[in-house]
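As structure tokens, here come the structures.
Across the two complexes that follow, chain A remains constant while its partner is chain B and subsequently chain C.
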Partner chain A sequence: MKGFFEKNKYRLISLCSVAGVLLIWELVTDVFHLISPMMLPAPGKVLETFIYKLTGGVNPDGGSLLQHIVSSMKISLGGYFVGVLIGVPLGISMAWSRKFELFAKPLFDVIRPIPALAWIPLMILWLGIGYESKVGIIFFAAFISATINSYAGIKQTNKVHLWVAKTFGASNRQLLFKVAIPTAMPMIFTGLRLALGSSWVALVAAELLAATKGLGYMIQVSRMLGRPDVIIVGMVTIGIIGYLLSSILEKLQKKFVRRTK
Partner chain B sequence: MSLKKFVDKNISVIMTVLAFASLLIVWELVSRFTKAGLFLPPASLILEKFILSFKEPIGKYTMLTHIGVSLYRVGVAFGLSTVFGIALGVSMGYSKLAEAILKPIFEFIRPIPPLAWIPMSILWFGLGDKSKFFIIFLGCFCFITVNTYEGTKNVDKTLIGAARMLGASERQVFFDIVLPSSVPYIFAGLQIAVTAGWSAVVGAEMVHSNEGVGWLIVMGMTYGKTVQIMVGMLAIGLVGFVLATGMAKLERRLCAWNNQGM
Partner chain C sequence: MEDNRKDKVKVTHLTKKFDDLLVLDDISFTVKEGEFLCIVGPTGCGKTTFLNSLTKLYKPTSGEILINDEPVDLLRHNIAYIFQEYSTMPWLTVEENVGFGLDIKNIPKSEAKEKVNEYLQVVGLEKYRNYYPDQLSASMLQRVVIARAFATEPEVLLMDEPYGQLDIELRFRLEDELLKLWERNKTTVIFITHNIEEAVYLGERILVLTNKPTGIKKEIYNNIQRPRNIAAKDFVDLRNEVTDLIKWW
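Our next item is the complex of A and B:
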């Protein structure tokens, strides 16, 4: 028994810490009423709302949790794939061809420092508040991380490896596909992961500003309706999905990318 | 010097100029002579309005004030998050007990995007600057904490062992080894954080504010003024660029020892 405590000492402390936070939360809300439920609902209330929304409850924002999740996922994955499909090849070709780099890099460097969120007004004005404009916003979020990291990955290619391949008579095409891209794979994957993260962040922002569905919309409407319990449910869901998306890509990366060193 | 030599020498400048010139010309032609002009104002007009915005106010203030207000919000929040982020990161990285207590809570908060806090922060702090500070703080804080934590974790164990063996106190180990060797990580965190903070202020101001660069573009959207949006985006991009490069320069200055071979 003592050995068990010794071995799992830090894990137990972690558990106690989480329990402690929940306890304080419960104490200040439900037990001593130090904070008004309009500012911070009790943990029990949040859990209740979470179960209610998860099992298909549509009040107060007109959609169940699942409907909002599906709507948000559709938009963010749509924008993400377009961004990645354009960004990765662009990054690779900018790093591979000197001429193309000289022409395209300065143009890319102009849009690079503009945060994806700053595209929201323009996209909404151009494409309306529907699906397309949000895909457009998320495109920029994904596109920039995907391009930068693919570019950096190819640039890292060991010159010696390229020389060796050349000496053995590899064509330019072989150099790219057999040497440079495999070397860049870890960086490209990092780019894919960062891109997914920023897509998810941009999505929440886009939905906060203009949407009729989705998790960002859910938390924004719940503020106006004075339902902080639904806001917290929404935030936690956003956090969990963000976390899941990034760990899925991490798993894929471990599976498909061989360590080069 | 022959023409060919000149071209070869200045190829990157020439290509950059060429790229911008062709972009601007295509843009100008498209917006002046096709129907797309309804949505896309000519580049020359945007540049003109951008320069003009430093003299003539948009809303209540000129461009300089809008940028100033946004920078002030980022500055305050970034400063706070630097202090708290480094403190939290170092204590989680250095002490196992602190890690066990704080990490699960931090890991729970970390994946929530800062902008998702906007509704809660408005409930808690109202519509003023305080709620913006809170959101930007969260945006910067996580990056600084994570990087500092990694830095303190990755300290060379041999160094610590050597110092202990030569009789260094716990305090000396911490201040002379752990802290200095995590500085490069901390700076990497600060660099990401400043960009994230700038993006967060734009988001926060778009959701609710009466001034600032985020306000500029969202007002442009509300009144259908594409020119104002693009002028605002230009300002946002320029300031974002200056912040990012400024931070990189600062790093190169302060962590010069870490740049060998970079």
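Our next item is the complex of A and C:
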């Protein structure tokens, strides 16, 4: 028994915070009834709803949890990949070519501070209220982080490393692929992670547009139906999936990106 | 003093200005094939600018640098440069760092591998081949850089105070290592330092530079028998001679 505690010491410490929140939650709801279940349902009720939705229950919002997740993933990953596929090369090119930087950076600097959500009205006008406009919004969320971080990563390239390669006779292409991009890899990955975060955040807002499925939609509908348990299930699901996606990227980073110090 | 070796590097009227600031003032000299040339001068006298002009990292304002009687071309001439700053690539292992120059030069993989193994052994880092630079000590890092330079078997090796950041004992060790490699490969070496003892220990010839704007104050041949003893009379005499030339006080 002692061995078990020793081995999992740190995991147990982490568990304490989660357990603490759950305990307080249980105390203020089911035990002391300090908060009305219409405002905050008890953890047990939320768990019950979670299991119901997870096992295919479609009430009250018309879709099972899995259907909502799939719908949300399609939108957020769709926008994410387009944003990253354009953002990373754009950031790298802006940082690498002085001419392209002069050309593109002012435009990018104006677009950069515009929140992804501010694009919603235009997206609706241009792309309607279907899949494309939601992907468009997520795109902006992902694109900005991916671009900025790739740009900053390339700019960090050590001059001496470039000199070393140059004296060995490196071409401009080799300088980029053998020196600058490896230097930037950690930053590029940070950009990928932040982009994933922002696209997941923008998701709920994107799903405010006439949706019939999706986690954001589920939350919205449940608010109107007065079902805080479903709202919480939706929020927790968003949290868990965001965390999982981010840890997948972290694993990929550990696998593909070498040391940088 | 007769030197029958071929001219390897010929510098004629090299001048470098940064805007109005004259840094290199009409420098001319020749380096023979396989020669070990040391260049000494007071700190901040433009030694690094000088090497950087030599490799075209900076564009000379005027004058010419020839290798084998042709203008320097980094694609054609096989040059290696060991910088003052730590210059190992942190994302590459020791082995990959040593092979970096060969990779840039598109040397076939199998041949490159042989060279890398050979020079890892020469600098005694075979055991560390899979380590990353942040796991190594300063002297090991500098050895990686030296192996990287020698692995490409350069015609001309430029060194800019490569041991400036190391303590005395390590410096002596690496200096001897460098001499061994130089004798083994017959590389032409241009070695810049502000350490007079180091210059006298290593060089066949010493160029003493003036303060800015940098010119050549004097050229001294150094025929002291190797291995050189830093406490021997001829060594100390020569060291004093160079010191007197450099004194700016």
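Everything that follows uses one rule, which is that the second predicted complex is superposed on the first by the 237 of 261 C-alpha atoms of A that agree within 3 Å, B and C clash if a C-alpha of one lies under 4 Å from a C-alpha of the other, contacts with A are read in each partner's own complex, and residues count from 1 in each chain.
One rule holds in what follows: contacts are C-beta pairs under 8 Å (C-beta built on N, C-alpha and C of every residue); 3 or more make two chains touch, one makes a residue touch a chain.
Note that this is a predicted model, so its numbers are computed, not measured.
More residues of chain A are touched by which partner: chain B or chain C?
Greater contact footprint in residues on chain A: B.
Classify the contacts of A:I219 with the two partner chains as first (chain B alone), second (chain C alone), both, or neither.
first
So, does A:T167 touch the first partner chain B, the second partner chain C, both, or neither?
Second partner only, chain C.
In the overlaid three-chain picture, which partner chain does A:S17 touch, first (chain B) or second (chain C), both, or neither?
After superposing on A, A:S17 lies in contact with chain B but is clear of chain C.
I'd like to know which partner A:I248 touches here: chain B for first, chain C for second, both or neither.
It touches nothing on chain B or chain C.
Taking the superposition on A as described, I'd like to know which of chain B and chain C A:L66 touches: first, second, both or neither.
Neither: A:L66 stays clear of chain B and chain C.
After superposition on the shared chain, which partner residues are touched by A:L27: those of chain B (first), chain C (second), both, or neither?
neither
Looking at A:I231 after the superposition, I want to know if it touches chain B, chain C, both of them or none. Which is it: first, second, both, neither?
first
Can A:T183 be said to touch chain B (first), chain C (second), both, or neither?
A:T183: touches chain C, not chain B.
Under the touch definition given earlier, write down the residues of chain B that touch chain A in their complex.
Against chain A, chain B makes touches at 11-12, 15-16, 18-20, 23, 39, 96-97, 99-105, 108-120, 122-124, 195, 198-199, 202-203, 206-207, 214, 217-218, 220-221, 224, 226, 229-230, 232-233, 236-238, 240-241, 244.
Going by the contact rule at the top, pick out the chain A residues touching chain C in the complex.
Going through chain A, the ones touching chain C are 160-161, 163-170, 174, 178-179, 182-183, 185, 257-261.
Would you pull the chain C residues touching chain A in the complex into a rising list?
It is residues 52, 55, 57, 74-76, 78-81, 83, 85-87, 89-92, 100-101, 103-105, 132-134, 152, 158 of chain C that touch chain A.
Quick check on the complex: what are the chain A residues that touch chain B?
Touching chain B: residues 9-11, 13-14, 17-18, 21, 38-39, 99, 102-104, 106-107, 110-111, 113-122, 124-126, 200-201, 204-205, 208-209, 216, 219-220, 222-223, 228, 231-232, 234-236, 238-240, 242-243, 246 of chain A.
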